[in-house]
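The same chain A turns up in both complexes below, where it pairs with chain B and then with chain C.
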Partner chain A sequence: MELSIFAHYWPMLLKGFGMTVLCWILGTGFGMALGLIIALIQRYSIAPVRWLVQVYVEIIRGTPFLVQLFLLYYGGPMVGIRLDPLPAGIVGLTIYGSPYFAEIFRSAFRAVPTGQIEAARAIGMSEPTIVQRILLPVGLVSALPALVNFSIILTKETVILSIITVPELLYQTQRMSTETFRYLEANLVLALFFWVFVEIISRIGRRFERRITHYLIERP
Partner chain B sequence: MFSSKIFLESFEPLMWAARYTLLVSGLGIAVGLVIGALICMASMSKSGFLRGFAAVWVSYLRGVPMLVQLLVVYYLLPVIGIDVPAIVAAVGTTAIVASAYISEIWRGAINALPKGQAEAAVAIGMAPGDVWRRVVLPQAVSLSLPALINELILLVKASSLVSVVGIMEITRASQAQAGSTFRPLEVYLAAACVYLAINLCLAALGRYLEHRMAV
Partner chain C sequence: MVQASSVEVRNVDKFYGPFQALKNVSLSIPAGKVTCLIGPSGSGKSTLLRCMNFLEEYDRGEIRIDGKLIGYDAPGRKMSARNLRQMRRSIGMVFQQFNLWPHMTAQENVAEGLVRVRGMSKPEAMARAATELGKVGLADKLGNYPSRLSGGQQQRVAIARAVAMEPKLMLFDEPTSALDPELVGEVLNVMKALAAAGMTMVVVTHEMGFAAHVADQVAFLEKGELVAVDSPAGIFHAPKDERIWNFLRTYNERNSF
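The block that comes next holds the complex of A and B.
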């Protein structure tokens, strides 16, 4: 084991980690927004649009993230979509995450008691107001555990961006190992690092969940 | 412009490469089922050491990206003196990652069984081994089948990562094809179609099983 390489390379790794976090936050944020839009379309739009959206959901969920990235990054320029690695990575994460987020929102909306929506209609609320005042606030709370869970899954997907040369943590680690020929140490430390990182954010996520849903979800 | 000729021509090498995708994910889940069963037993055992081991196993494998694990295994094996082809590292990584998820699926299925079932079996005088073999396991396995099919779909997609260590599966083959034809759009679209076809078949199988297992 030769861990002294880290003494020399840590600023590069830190930069890579920052990039990982950036990709994760932007990808999750945009993915969640797109997912919410998809879920609303699936609820309110006319049938043909709903089918199209359903086809999108099936295609994205049925193909590997890596292939989607290749299509976007290498195939994109042929249809005029020219993206640098970082934007391509963020767009890729957004597209990859959106159907999963959409499914989470969809089942959360279905869990909103129909009586509440009927009551809102009965007192004359318009549909947009119902979405804003009833569907979203009630649905979001029951969606929260699943949203947190999937956001954590997305942290792990960010390493795949290294393959299209986004300079995130794995990319920097690989650069370090090709320069020092220390492949095992570098990857082993990276694995341990991710383990700790994911463990910490999932604890924070669970605590956050508990706080938000404290009075709303029945606990045994 | 989009060349449908190249798109269609890409299918042949990709279908050929699909056997490696199926091999890695199929063998991965098969070995994962065995390790997953052992981990599940460990996590439900009376010994604190075994429970702790299972907890660490599951937490590590679910907390570290599969690509990183694959690289660790790939570079670790030669260092500890095991010189095996990359395919073994690929299947091995897939299997241990799958085992973590499978053990949780099985634990959930066993916990979901009504307690009365096992108690009734004990009450009519069945031996503990028989209770497991004849009452708990058959029901747990059928309960968990849809979730296992889901896991298999995830593994088919995750197997695209083993292209990184040089296995000629669908993704790697499409990279080679894209490189030689200079038409990445068509080739990667074809690759997406092959994956989609495999996964839609698996999803249909999952729905069929779910329908059949429904009580």
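The block that comes next holds the complex of A and C.
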């Protein structure tokens, strides 16, 4: 182990980690939002739109992230979509994650007891209000563990962005290892960063879960 | 006294695919009276009740609330969602499974419709909710979430939630069937008070005692058919149809010691 190399490389590693976090936050956030929209379309829209959305879900779920990213970044310019590495990476993560998030939301919505929706309809509540006041808050509780889980999976998908030269953590550690030939140290620090990152996310997730499920606890 | 609606059900058919759940049902529900729907399970009584606020869409015939057709503008042409919502505002419904919103306290459950549907301010709605919950004997449970209430308490919150909207008609779908026997009484008492205040009530029930003592008329359904409508005395003491007699015999056998 040669720890002295970190004295030189730590600013670069931190920058890489920052980039990883940024890509993850934006990709996950947008992916979740798109997934939610897809799930709502699947629940409320007319049949032809639903089929179209279903085709999108099937195609994205059925193809590897790397292939999607290549299509977007290298194939995109041929159809007039020209994106820099970072935006391409974020758009890529958003698209890749969206169908999984959509499925999580879809099943969570289905887990909301029909009776609670009917009770809202029976007093004359409009469908948008029902979504906002009943479906989302009740559904989110059952969706949360799966949402956190898939968000954690996405942290690790960010490394693929290094292939289209997004300067995230893997990109930086690779540079470090090719410059110093310290492969062990470089990859250990890479693993360490991710492990800490995921640990933080899962802790935040658990805390959030406790907060929004407080009303389910039978005795105070 | 409350303002009360009348309901007129005429020649209603309801199909689930090839299965006919309601067969040419006609029934008059007078304003300010209590009508109980009884019959074996699968007889269509809940379906009929749910057609009255169009939670279940009937296929033929008409259901009029105070003369106004619900669910359709004209036969075969569905009413707009907005108009349906408008009509539902004056029809309260209470469900077998209570269907309280689990993420809201008792008070919030009652206030929700006042704010979101009637456009009341939050403080005003919360004050109103407290009053309504007081009327059903739950003044000390305002801040409780449904998971921390007994079944009987939950059902009373559900009744308060419906009553707070100032409906002119209340539909009860087996309101005591999911309750432990010792909790049935508290819910029935609230319903009796509501009946005494002059509310039009349609009650699907297996509580023959309630039907016999509180109902003004009792309708008996079997296999989607309305077999008879009569006074409680007529149905329970002098049933004119063998099917009613059979039903009551089974009921009595099950409930005797």
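Odds and ends about this structure:
Here, the second predicted complex is superposed on the first by the 215 of 220 C-alpha atoms of A that agree within 3 Å, B and C clash if a C-alpha of one lies under 4 Å from a C-alpha of the other, contacts with A are read in each partner's own complex, and residues count from 1 in each chain.
The rule we apply is simple: a residue touches a chain if its C-beta (ideal position, glycine included) is under 8 Å from a C-beta of that chain, and two chains touch if they have at least 3 such contacts.
Quick caveat, the model's predicted, so the values are computed rather than measured.
When the two complexes are overlaid on their common chain A, residue A:F6 makes contact with neither chain B nor chain C. By the touch criterion stated above, A:I134 is placed in contact with chain C alone, chain B being left untouched.
With both structures placed on the common chain, the touch criterion links A:G62 to chain B but leaves chain C unconnected. In the superposition on chain A, A:P113 makes contact with chain C only, not with chain B. Once the two structures are superposed, chain B and chain C can be ranked by residues of chain A touched, with B on top.
Within the superposed three-chain model, A:A122 lies in touch with chain C and out of touch with chain B [touch as defined at top].
The residues of chain B lying in touch with chain A in their complex are 2, 59-60, 62-69, 71-72, 75-76, 79, 153, 156-161, 163-164, 170-171, 174-175, 178, 183-186, 188-189, 191-192, 195-196, 199-200, 203.
Against chain A, the residues of chain C that register as touching in their complex are 53, 55, 81, 85-89, 91-93, 95, 97, 99-103, 112-113, 116-117, 145-148, 158, 161-162, 165.
Every residue of chain A that touches chain B in the complex is listed here, in rising order: 58-59, 61-68, 70-71, 74-76, 78-79, 156-160, 162-163, 170, 183-184, 187-188, 190-191, 194-195, 198-199, 202.
On the chain A side of its complex with chain C, the touching residues are 113, 115-116, 118-127, 129, 133-134, 137-138, 141, 215-220.
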